[in-house]
Amino acid sequence: MKVSLTRRYRFAASHRLHTPRLSESENQRVYGKCSNPYGHGHNYSVEVTVSGPIDPATGMIANLAQLDPYVETRILEAFDQKYLNEQVPEFAPEKSLVPTTENLCRVIFQRLKGFPLAHLDRVRIEETSNNSFEIEESLDAAA
Amino acid sequence: MKVSLTRRYRFAASHRLHTPRLSESENQRVYGKCSNPYGHGHNYSVEVTVSGPIDPATGMIANLAQLDPYVETRILEAFDQKYLNEQVPEFAPEKSLVPTTENLCRVIFQRLKGFPLAHLDRVRIEETSNNSFEIEESLDAAA
Amino acid sequence: MKVSLTRRYRFAASHRLHTPRLSESENQRVYGKCSNPYGHGHNYSVEVTVSGPIDPATGMIANLAQLDPYVETRILEAFDQKYLNEQVPEFAPEKSLVPTTENLCRVIFQRLKGFPLAHLDRVRIEETSNNSFEIEESLDAAA
Amino acid sequence: MKVSLTRRYRFAASHRLHTPRLSESENQRVYGKCSNPYGHGHNYSVEVTVSGPIDPATGMIANLAQLDPYVETRILEAFDQKYLNEQVPEFAPEKSLVPTTENLCRVIFQRLKGFPLAHLDRVRIEETSNNSFEIEESLDAAA
Amino acid sequence: MKVSLTRRYRFAASHRLHTPRLSESENQRVYGKCSNPYGHGHNYSVEVTVSGPIDPATGMIANLAQLDPYVETRILEAFDQKYLNEQVPEFAPEKSLVPTTENLCRVIFQRLKGFPLAHLDRVRIEETSNNSFEIEESLDAAA
Amino acid sequence: MKVSLTRRYRFAASHRLHTPRLSESENQRVYGKCSNPYGHGHNYSVEVTVSGPIDPATGMIANLAQLDPYVETRILEAFDQKYLNEQVPEFAPEKSLVPTTENLCRVIFQRLKGFPLAHLDRVRIEETSNNSFEIEESLDAAA
């Protein structure tokens, strides 16, 4: 049997969807209103799922008292109340990585995958009440 | 790594659970109040999950601006504000396919699986706040 | 100080918005897809709010064990899994009362206002996740 | 009896909380991380409540088919995917009106109060899942 | 116009519904399973609503940075992860105040009403996803 | 294709996180406020997922009218309004099994896995709005 725990964190940030790899008209076609030069924002809900054996003494996979500061330091301090395009290094203009939520999943997974107390299975981000994105190891990779 | 996006759509419809394959008393036993000859209805929430590589230029798996009209045409126009038993061809009386949410998952998956811009992974339908149903490719089929 | 309690009940039903008081084209203009002759349906969430003094012995305004059967008998048995236009007397065709959620609020308030153990303050109905309707005594009436 | 309807609209926007009326250190003390010069953002959920008599023919207070374009034109087109401080005239720098959600309630109420088909009772805005703000006529004003 | 803000706080606690003012059989009749001598528990969601004029400089009714520690000290530290019947003084056995959510509203309102920066309008507590209770000044008291 | 249904059940219970396998100071370090000797409580939401072929006659995987009493008898009657540490046999003091939500998942999965009408895929428990835990067969075990 596999047991996992999922904990939800939240941050509020702004971003602009625009890439120098495309012409202005292509940016407009691909991103529409999201390419507004002033940016816009979201409340992001990030669900972090980790799994592992249940410690027979404590009954826990991983102590939330240890997961929380790990996420606080690596994610919330870096992303909360920030403009992603300018204030998160992975999305700095010279990187040409557009801060879509797909890419945000990758960046957050990368930042969290070293969590030493359990295996990081999945990162899921809700960008709006109707849109969510998730990243997990593929079955092929796991095999 | 596998990245997917899930988008929620909603429609309101009515249905009746009843099948000519069973006797009246069996219909009553299996479906209870849901076999009411006048039908009843639900707000259905449909979550469509697609996956695929992230386009390095756009940072997207698939543009929601392209998924939305695909779902709008194939699902929302056909199901919203409709009586499923009479107004959706797959559930027409001569088909003997009861519009349970299990079968609704299959019909919707079938209608969406040709989406050309990403792989359709899963369709999940919430019928009420406590009941949901989902369809996805089985691991065996994927292997 | 005023103390009140609100309890949520749920039922699933279908309805058709159409009135003989208007021409077909007016029905179409006013109700759009909701005038579909086959009807459609919703999951209705009904919040019933009652208020009154807190009983010093029990610490309660009204025992939910007494409110529940009152609502069960008068509302849930009558509306759940029903076609409102044909199966709820207040909306019977000869009454010409269209089963909009505004009118549903009135009908439900009327059915519940005799609750003997606390004062019925308000009935609020969610028809979809974005639409809700409520009825309460107006301040003028209360004065 | 008073009957009202509430409809939820959503937009995503960014803002910065900062005012020239206060010193930098006071801005920092009052707004903390929200005074980040790059701004940040939210998904705003706006609930608009209107009331009035139920039309005996249609069974409606006001047709949502008429409320929607009114809100679409005056609110969603103006606020969605925008940077409030620079792109909404009421919050333009020379106005010195800080785009807190309190002030956003006032601006939105002002923009909607002329709705001709029902009385605007209340505007409620959820800024995050834990914070909401609302504006309504005070009882004194109503008396 | 009246502007208010509502902020949600959460705590998890256990309680037992039982009163020495009633016989054992009456306790059983009134409280049913809730009179279990071992107690049981809930996740309580507490919404605190305060109102007042918007400060023209800051654009705020009251700074959440000042409301939060006020609620933290008076409510969360006292109630979170506690057994209400034994660990919250107002519900100590000698007080004979049963920790129903009605009484919990009164106790929390009493603890918060001295908030110096805005007027406490209302305390609303969700005990379960279907039950909520609220306390506010009555219109008579306000007049 | 694989089709599954998920149904949500709810119960309210209290527990204490504390183990005789650890010293008092270790208990305090691991469980913090959750080791409060009086216990505390939660509203638990339990989602039970079962899968199987859709019956061609009924259009169902498993009739909820049969799943509900199975869960009612084995889970809700045993856990609702109870103190897990003393009133659920698997967590009895002599078992030294701490009633963390990880262990609660295992106990509930064990109690439900014999459901005769469909395959039990997964049990997911929400302990608070931000924390959830789930148990499912691992891919290795399934292979």
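Per-chain numbering from 1; labels A, B, C, D, E and F assigned in written order.
Keep in mind that, in the parts below, a contact is a pair of C-beta atoms (placed from the backbone, for glycine too) under 8 Å apart; a residue touches a chain by one contact, two chains touch by 3 or more.
If you're wondering where the values come from, they're calculated on a predicted model, not measured in any experiment.
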{"item": "Chain of greatest Cα-centre distance to chain D", "value": "F"}
{"item": "Greatest separation from chain B - chain, by CA centre", "value": "E"}
{"item": "Cα-centroid distance, chain A relative to chain C, in whole angstrom", "value": "42"}
{"item": "For chain E paired with chain F, centre-to-centre distance based on mean C-alpha positions, whole Å", "value": "29"}
{"item": "Two or more partner chains touched - positions in chain E", "value": "129, 139"}
{"item": "Every chain pair meeting the contact rule", "value": "A-B, A-D, A-F, B-C, B-F, C-D, C-E, D-E, E-F"}
{"item": "List of chain E residues in touch with chain D within their complex", "value": "1-9, 54, 57-61, 63-65, 139, 142"}
{"item": "In the complex, chain F residues that touch chain E", "value": "10, 12-15, 33-34, 36, 38-43, 45, 80-83, 86-87, 128-129"}
{"item": "Complex interface listing, chain F residues touching chain A", "value": "17, 19, 21-22, 30-32, 97-103, 105-106, 109, 129-139, 141"}
